[in-house]
C-alpha cells in the first residue's frame, strides 16, 4: 500500500519549516527526550509477571472441562486457585505499597520535587 | 511451505546478527523482536504451536516492551551516548566466536545424523496433534512440582523487581 | 539434499540454535551497556528453547521438550524483569548503565 | 466456502504444495477481503453515526448519501505527500505503522465468521489472537519514539502502558470462556453455545457463554471494556487525546502511514467486537434457534450465509456501541485509567475466573439454561 502511494503522491522537497516537529506551530523547544515517569516502568514489570502466569495457566484451564466430566477436577481446581491466589498476593503487595497510585508517584518524582 | 520456514530462519539469524553487533542498543532491541518472531515461526513448524503463542505473548508483548522502557529511561536518545561502542575487542570476539561455528556445527551435525537415523514412530503425526492439552497434562502430572516452583518464583520476582524499581 | 531441505530439518534447527547461542555470547562479551548484555542473554535462552523444541519433535515426538521450553520462557521473563529493575536501580545510583562501572563490591 | 475446502480446491487447481500452505493463503485472502474494506467503510459509518448523534448531516457529497466517502478518503491518503519530520528515525518511522497493521489484521485469520467460514480455525485460536495483537504495543511505542516529537512520545508511552495493562483483564476475561469450553479453538468454543429444544440436545449445547452463569455475564462486560481500552477508543483514548497531546502517538504521521494507523484502529475494534461475540455472545448462533435442527434441510451455502449474517450483525452492533460510547462518555484521567485497570477490572476478573471454576465444579459444568431446563423437564 505504501508502494502504491509512492507512485501517486507528489514529490516535493520539504521546507525546513515543514519538517519541523509539530509543537502547535511554534519552533520545537529542547529535545523531545523527556525523563518519563518511572511509574510506567513499574506497571510494565507488574504486567509482565501477570502475563507470564497467564500464559502458564492456559494449558491447565483447557483441561478443566473434561476433568469435571470425569470427576477429577479437584487437582486442576486447586491449581487454578493457587494461581489466582498468587496473583492476588502480588496485586495486594503492589497495591498496599502504593505502586499502583499514579498521582502520588507523579508528585514524588524528580521534576516536581525539584521545583518545590 | 518449507520456504516460509527457511525465510523465517534467515530472518532469525540475520536479526540475531544485528542484535549482537549493532552499535545502537535501541536497534539491537528492535531486531531482538524480529528474532523472537522468527523463533516463534520455527516453533510452529516444529509442532509447538502453544509454545510459539507463549513466546510471542511473553517476549514480544512483554520483554520487548520492558526493554524499550528501560532504554528510554536510562539513555539519552539521539545523542552519542546511545552508541554502545562497547569493548575494544568487538572485532576479535566476533571473529573468534564466528570462527568457532563450523567446529560447533560439526559436532551438531553428527548428533543430528545420529538422531535422524532412528526417528520416533509418530513423527509424521506429531505436528498436527493438539499440544495444549498434552502440555497441560504434563504440567499437572510429572512436572507439577517444577511448575508450582516456577509460579512461586514468579511471585518472588514480582515482589523483588517492584521493590528494586520503586522510586523513593 | 537441497539447502532448503537441509535447513528445515533437524540440522537446520540445530544450526540456528548454535548461531543464536554464539551470537548471544558475542553480544554478552562485546557490549558494555548492561541492557545490551541482557539482549545477548535473551538470545542464548532462545537458542536453548529452539534445541528443546527441535529434539522434542525429532527425537521423542512428545511434548516433554516443549514443557521445558515453556519453563525457559517463564523464567526468562522473570529474569528480564528483575535484571532490568537492577539496571534501573544501578542507573539511579551511578547515572550510567555501563557494566564496567559496576565495581561497588570491589573494595 | 469452508476455508479448508477452499484450500483443497486451490491445491487441486495448482497441484503443488501441502494443504495447509493453501489454507494459509486463503486465510491471507480472508484478511484482505475483510479487513481492508471493513477498515474503510468503518470510517464512513463512524462519521455518519457521529453526525446522527450530534444532529448533523455528515458526509453526503461523494456518491449517494456520501457512501463513497471512504474511497475518496483512501485515494486522498494515497496521494498525499509523504514526509518525515526532521530528526526522525527513518527506519523506525517506516516500521512502526506496519507493525501495528500486521498486529491488527493477522487476527482476522482466526475469526469464526460462520461454522464453515473461518480463515484458519487454529488449535490455539484465541491464544493466537491474544498473541498477534501484542504487536500493536511495540508498534505504537516505536512510532511515537521515531517521530522525535514530545506529544508523540508522551502519547506513545501512555499507549504502550495502557495496552499492556489492559491485556491482563482481557486475558483473564477470556479464561472463563476457555474454562467452560475446554478448548482454545474458537470454532469449537462457538459450536458449544448453541440451543436445542430437547433434553438430549441441551446436553450438548449450553447456550451463549455470556449467560452460562452470573460470573461469565460479568466477564463479558470486562472483556468488552478491556478491549475498548486496548483499541485506544474513547473513553480510553489517552494515547491520542486531542485536547492535551495534539494527536498523540500519530501526530507526525501523514498520508498513507497515518492511514495505516487509522485502518489498524478500526480493524482492532472489529476484532475486539468479534472476539466478544464469539466467546460470549454465541458467535454465529441465532438465539433459541438451532439452524441445523429445524427439520428442513437448507442448502449448505444458505446456512453459511445466514450464519455469516448473524455473526456480522452481532459484531456490528458491538461496533456501533463502541462508536456510540465515543460521543457519550468523557475521557478518563491517566491515574483513573490505571486505577480502573489494576484496582477494578483485574481483581474482578480474577474473582470471575474463580467463580466460574467453582460453578463448573459444583454444577458439573451445566449452564444456567441447562439447569433451568433440567428443573422443568
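Every chain is named by a letter (A, B, C and D) in the order it is written, and numbering of its residues begins at 1.
Please note the rule applied: a residue touches a chain if its C-beta (ideal position, glycine included) is under 8 Å from a C-beta of that chain, and two chains touch if they have at least 3 such contacts.
Being a predicted model, the structure only gives us computed values, none of them experimental.
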item	value
Chains touching both chain A and chain B, listed by label	C, D
Chain pair with the higher count of C-beta pairs in contact (A-C, B-D)	B-D
Rounded Å distance, chain B centre to chain D centre (Cα mean)	28
Chain centre separation in whole Å, for chain D relative to chain C (CA means)	33
Inter-centroid spacing, chain C versus chain A (mean Cα positions, whole Å)	23
Chain B and chain C, separation of their C-alpha mean positions in angstrom	6
Junction residues of chain D - those touching two or more other chains	87, 127, 148, 157, 160, 164, 167, 184
Residues within chain B bordering two or more other chains	50, 53-54, 57-58, 61-63, 65-66, 69-70, 72-73, 77-78, 131-132, 135, 139, 147, 150, 154, 157-158, 161-162, 165
Chain C residues counted as touching two or more neighbouring chains	70, 73-74, 77-78, 80-81, 84-85, 88
Chains touching one another, given as label pairs in label order	A-B, A-C, A-D, B-C, B-D
Residue numbers on chain C that touch chain A, as the complex places them	70, 73-74, 77-78, 80-81, 84-85, 88
Residues of chain B that touch chain D when the two form their complex	1, 4, 27, 30, 33, 49-50, 52-53, 56-57, 60-62, 64-65, 68-69, 72, 77-78, 130-132
Of all residues in chain D, those that touch chain A in their complex	77-87, 94, 127, 147-154, 157, 160-161, 164-165, 167-168, 171-172, 175, 178-184, 246, 251-252, 255-257, 259-260, 334-335, 338-339, 342-343, 346-347, 350, 353-354, 357-358, 360-361, 364-365
For the chain B and chain A complex, residues of the former touching the latter	50, 53-54, 57-58, 61-63, 65-66, 69-70, 72-73, 76-78, 132-133, 135-137, 139-140, 147-148, 150-152, 154-155, 157-159, 161-162, 165-168
For the chain A and chain D complex, residues of the former touching the latter	1-2, 4-6, 8-12, 14, 16, 18-24, 28, 32-34, 36, 39-40, 43-44, 46-47, 50-51, 54, 57-58, 61-66, 68-69, 73, 77, 80-81, 84, 87-88, 91, 94-95, 100-103, 106
